[in-house]
Every structure is written in C-alpha cells, then in structure tokens.
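Labels run A, B, C, D, E and F following the written order; every chain starts at residue 1.
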Amino acid sequence: MSQARKPIEYADASAEVRAVYDDIMATRKTDWINHFWKALANDPATLQRTWDSIKQIMAPGALDPLTKEMLYIAVSVSNQCPYCIASHTASARQKGMTDAMFHELMAVVGMANETNRLAAGYQVEIDEQYKTV
Amino acid sequence: MSQARKPIEYADASAEVRAVYDDIMATRKTDWINHFWKALANDPATLQRTWDSIKQIMAPGALDPLTKEMLYIAVSVSNQCPYCIASHTASARQKGMTDAMFHELMAVVGMANETNRLAAGYQVEIDEQYKTV
Amino acid sequence: MSQARKPIEYADASAEVRAVYDDIMATRKTDWINHFWKALANDPATLQRTWDSIKQIMAPGALDPLTKEMLYIAVSVSNQCPYCIASHTASARQKGMTDAMFHELMAVVGMANETNRLAAGYQVEIDEQYKTV
Amino acid sequence: MSQARKPIEYADASAEVRAVYDDIMATRKTDWINHFWKALANDPATLQRTWDSIKQIMAPGALDPLTKEMLYIAVSVSNQCPYCIASHTASARQKGMTDAMFHELMAVVGMANETNRLAAGYQVEIDEQYKTV
Amino acid sequence: MSQARKPIEYADASAEVRAVYDDIMATRKTDWINHFWKALANDPATLQRTWDSIKQIMAPGALDPLTKEMLYIAVSVSNQCPYCIASHTASARQKGMTDAMFHELMAVVGMANETNRLAAGYQVEIDEQYKTV
Amino acid sequence: MSQARKPIEYADASAEVRAVYDDIMATRKTDWINHFWKALANDPATLQRTWDSIKQIMAPGALDPLTKEMLYIAVSVSNQCPYCIASHTASARQKGMTDAMFHELMAVVGMANETNRLAAGYQVEIDEQYKTV
C-alpha cells in the first residue's frame, strides 16, 4: 500500500501539501514536520481538513494552549494511542508543562479511568441535581 | 443484590461511612452526597480508599482544581460514562467553567479522539524526536 | 427497522429459533429468555452461532462458571455496556457471587483501569522478564 | 508460558490444528498462515470456534467481503489494536481496497470517533424519531 | 449550564446557525434537525466546522454513502455511544440498509471486537508480510 | 522530559521511594522492581498511593489473588494495554495460572467483547428482571 500511507517528505510533496506543511511549521514555529502529517499527506483533503480543524481548535481562546495540550494527552492516554501520547507529551513540554504538572495530569487521568468504571459497575443513577440542562 | 450497591443514606450509614461523608461535604463545601459515594458506601474500604485518593489528587497543586475537573471530563467523555460526564460537568461549572470553556473543551476532546484513530489507522511510526526520555 | 431488532417472543419464533431458546432455558435451568437473545433472534444464524459459542465458553472447565461470569463483568464494566453489566451481574449473583466478592471485583476492575492508563501515560517499556514467550 | 501462546507451525501441529490451517489456506487461496491463527492453535477449541465463526461471518452475503473487511478495520482502529489494523488492512488491499477507499475509510472512522464524543459530552438526548423499533 | 448545551431550535437560532441548519436539511433532503446539531449550535464555530467536515467526508466518493454510514455504526457500536448508534442506524436505513445487511454488519462488528482482544491477549507479533508500507 | 518519567533505579532512589520498593519486593517475595513502579517513582506521591491501593486490593479476600490477577488481565486486554497484558500475564503465571486457565480466560474475554457490541448495536433494553437493586 505504498501510495496510501507512506510518509511524504517535503521535497516530494505537491504544492498543495507543501502549503499545509508551511503553515504547520509557521504556526508551530518549528522547522520540521512530524510523521502524522506526512502520513495524512497521502490524502490531501484529509490533511487540509484536519490541519484546519486542529489549528482552529488548539489556538488560544477561553482555554490556553497548554491546557488544551494536556486535555489531548488525557484523551490519548485513555485511548491507549502510543503515537498520540508521545507526540502530545512532547508538545505539552514545549508549551511549558513541568514535571509536577505532568505527574498531576497522570494522576487525574488514572483516577478518572478508575471511577468511570466504579460508576458503571455499581450502575449508579444520575442524581437529579445533575440533570438540569 | 440489595446489600451490594443500593445507595446508603447518611441516616442509615455506619460511623465509618458517616466520617467519609462528612469529610466529602466539608471538603466540597456542600450539604449533600451524590449517588456515586452512596453506592461505594456498600464497601467501606473502597469508599475510604477512593475518597482519600480523589481528595489528594484533585486538590490544588501544579494544576488548579478547574483544570483537573476538565481533564476528568475529557476522560469521562472518551470513555462514554454518562454518570461521570454529568457529575463532573456539574462540578466544573461550580468551579468556574464558563460556556466558552466548555465548548473549547468539547472541541479538543472530539478532535483528539479523531486524530487518535487517524494515527492508529495510518500506522504512524513515532518520530525519533519524541523518543528521548 | 421492525424486522431487524425487535424482540422475538417464543410464541412468534420459528422452530429454529425456538430450539435455541429451549436449549438456553434448559442449560441455564430457567424458564425465561432475556432480551439479548430475543433481539439476536432476528438473525437466526447469529443467534445460533453466538449461543453455541457462549455455551461452550462459559461451561465449567479449568475455570469455574462463577469466575467466568466475573470476568464477563470485568470486561463489560471496562467497556461501559449497561445491558451487559446488568445481565451478567445478575447471572453472577445466581451463581453465588456474594456482596464481598462483588465489592472486590469492582475494586480490581477500577484499579486495573487506572494503572492501564498510568502505564500508557508514562510510556513504560516492557521489562525483559516479561518478554519470554 | 511457552505452551500457552507460542506460535505453532504447521510442521509441529496436531492433525486437528492442521485441518483448520488447511481450511484457512484453501478458503483464503493463500499458502501461509498468519501469526494470529498460530497463536490460537495453542487452544484448538478456540482456534476451531473462531475460524468457523470468521469463515461464516466474512463470507459473501448481503455485504460483500471487501465491505466487511473495511468494517473490521473501522473497529480495529477504534480499539487501537495494532496487529488487527495491520492484518486487516493487508486483507482489504488484497480484496481490492484502493488508496482512495482507504483514505475515505480513515476519514469516516476518525470523524465517527469525534462525533461519538461530542454526542456524549453534550449529553444529547435521543430524538423521538430514532426510537421506533 | 443552560447556555452551554440546551438544544437550540430553528426559531431561536442566529442567522449563522440557521444557515447551517438550512444546509443540513437541504443536503439531507429532510425537514427537521436532530438533537446533535441543536446541541452543537451552542458553539457556532464547532457546529460549522463539524458540519463542514461531515458533509465533505460522508459525500459519495470512492465509497458510497451507505457503506460510510455502516462504518459509522461500526465505530459507534464499538465505542458504546447510544445516541450515535440510534441516529446512524436510522440514517443507514434511510440510505437503503436492509435487515440482512444490518445483521451482517452486527456480526462483523461483534467478531472484530472479539478477535481484537484475542490478538492483544495472545500478544501476537505482527507478521513480516504485513509490515511493508 | 528526563525527570518526569525516566525509570528510577533503587540505587538512585530517595529513602521514601526505596521504602516503597522494599515493600513491593517483600510483599511479592521477589528481588526486582518492574518498570511500572520505576516510572511512577518520579512522582513519589503517586507511587505511594498506587502501591498502597494495589496492595490492599490484590490481597487475598473474598476473591483469591489468582482470580484477581485474571480479572486484571481481562481489563488490560479489553483496553489494549500491551505493558499491562505482559506484566499481569506473567504475574498470573507465577500465581498458578495454567495454560488451560489462560486459554479459557482469553475465550471469555474475547466473547464478552463481542456480545458487549451485539447488545449495544441491537440497542437491547435492560430486562425488568435485572433492574432490582
């Protein structure tokens, strides 16, 4: 399946793909592209759509970029996605996540996964207080 | 299985369980106990251990309590745990989560779940840059 | 989608489906069929295949039926499947699961879900000692 | 645990296991057995039951074999199962999955995983229109 | 959290939201909006981005819309998302999914979830034949 | 992130961490510490809390330690956690899990993951008989 998911290097990329790569590097203030985007580049429509979404979602807003990156790690760890854990942990470090923050993040994620199952296993009914929309 | 998971009300609780309930209410500055703890109260050892862990983990530290609550939501949403989503969304609101913060939280959690699968499906190799421990 | 997943009652079932229902009731020493099988009965091939597999797998062997039922609960809780949690918890009770056993089961399942994520989040390498096949 | 999960080669297999291997190769029109079956061969009952089920389920029917293989990939990617993603992606290619089909498959799987969490996180109520069985 | 996730009806929607609703109804040739979109409408940016992505991804291409809808169901079932299962099953029916197709879809999804765990539990190594990119 | 998750060897550990290591080795009657604990040792609070919980939960009780270890495997396999599968399979073997027990464990875990999805996909309603708390 050589054409379907082989990483596409900048030198081999179409103008369309290069434009996304350039925007990724400019937005992230970096000079390299990680494997995730090089794989998606096999499908330029998905590369473009995914990057546009990520760029919009991860931008500073009501939540700061570091908090967003830690939320990304929380999801990736719950889903057991090795690539995602490695890449977003690195990104969070670049955005200022300290060792202490990483440790607390892991503790919360671990605990949440535990109590999620206790709530399910005990078949806990949702309290009336939580039902108001 | 009436003894195993039926909610235990304060009036019916042992001194041991009441002590945990009291600590939960004092710590959270509230006057009621939600169903999760009332269910766990059927197993006082797990009630005590779980509360002790939650109290330690969710306390202010390198991460503030609201960030921790949003991480809890991120995990609960990824795991499709209705009780946990309802209860921790309510808790986050009480700790100051605004509508805008909730919306951005949802956007990040949704996106992370999407890219977790793109990374897996494209069988993306971890970049050397991410491997340094 | 009335034909695709509406519960099929014994009175309305084909001879083929009734034969499976009869075997379920005889094997389980019960006089009713739960909704799961009534739904699968819309697809007799899947009803038959699934029951044959369950009957073989859940029979006494190197593991006793109660242990197998608790393993079923452990999986169902981890997967957040409400129907499965309710039905297999009831089955385990019928096979002798005590309150104390249920409580310890929940504690293990909760803890395993927690440490599964700590192992992932810390990107723990598998020890050489565990690699021998 | 050498006896429990070490791959069993054809030359070392019992007549019972060889019969399954032969049927796998004949059905798939191939001359080799992949690791999955060689591992299951440690438990001939599970090897036989699993192959019988797979053979029945993956056969041409109301859905064609390629569609079924892509459904298999969709599940395997959602579950983060590296072996399953690799093996079923290869199988789908052999059955005619083009690059374009693979790309669209990935896009759908990614998106479904995203909206699954948006639906959960926003605690969306099921519309009446969807409740008719 | 009344402003954050309460369904927004067409009559109460902003022009921006109404434009998305109109496009959903025109694209789907229907005269109503399901709860999912009414919930997302609390965050117009996510409503717009999610609809744009869904519209692009679910359009006819190398895969037909019914196949895509069944892939959506496969993911939603694996993730235990009740809303998503209900809504996409209804959509697939509207696009022509027959009872027989639904039954085979369920059989494949169930089986894939089973073998995903057998592959993991037996710690099956990826065959060399599957590693060529 | 060298300080955050690099394995901490006994020789380099603080007195606080060594005390936990010593208790792990004494409790497990072994002379080495596996990578999981060496990683957690970067966060002594989580190391201590997690070990205290594990020690309490996995001790003999209404369920024997081998049954608990197999429940741990059932969860780890369902979650696709390679480290956890490898380490707890090894632990179960040390506690007496035979090949036959391992095979039946895998069969149950696989089947439970299958029927969990059939129950979800067929949108099976919980029987009244299962609702009594």
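We adopt the following convention: a contact is a pair of C-beta atoms (placed from the backbone, for glycine too) under 8 Å apart; a residue touches a chain by one contact, two chains touch by 3 or more.
Note that the coordinates shown come from a computational prediction; the quantities given were computed from them, not determined experimentally.
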| item | value |
| --- | --- |
| Graph distance between chain A and chain F, where chains that touch are linked | 1 |
| Centroid-based (C-alpha) most distant chain relative to chain C | A |
| Angular offset of chain C relative to chain E [C-alpha, multiple of 5 degrees] | 120 |
| Relative to chain B, chain with the most remote C-alpha centre | D |
| Listed pair (A-C, C-F or A-F) duplicating the D-E contact set, over half by residue number | C-F |
| Pair exhibiting more inter-chain C-beta contacts, A-D or A-E | A-D |
| Numbering shared by both copies at the chain F-chain D contact, with half separating same from different | different |
| Computed distance of Cα centres, chain D from chain C, in Å | 20 |
| Geometric centre distance via CA averages, chain F-chain E, whole Å | 34 |
| Residues of chain A touching at least two other chains | 1, 5, 42, 45-46, 49-50, 53, 78-82, 86, 89-90, 103, 105-107, 109-111, 113-116, 118, 120, 122-123, 133 |
| Touch list for chain E against partner chain D, complex | 5, 32, 34-36, 39-40, 42, 46, 50, 53-54, 57-58, 61-63, 67-68, 70-72, 74-76, 78-79, 81-84, 86-90, 98, 100-101, 103-105, 107-109, 111-116, 118-120, 122-127, 129-131 |
| Residues of chain B touching chain C in the complex | 1, 3-5, 42-43, 45-46, 49-50, 79-81, 133 |
| Chain E residues touching chain F - in the complex, by the definition given at the top | 73, 77-78, 80, 82, 85-86, 89, 105-106, 109-111, 113-118, 120-123 |
| Residues of chain B defined as touching chain E within the complex | 80, 89-90, 93, 99, 102-103, 106-107, 110, 123 |
| In the complex with chain A, residue positions of chain E that touch it | 1-2, 5-6, 45, 49, 53, 56, 133 |
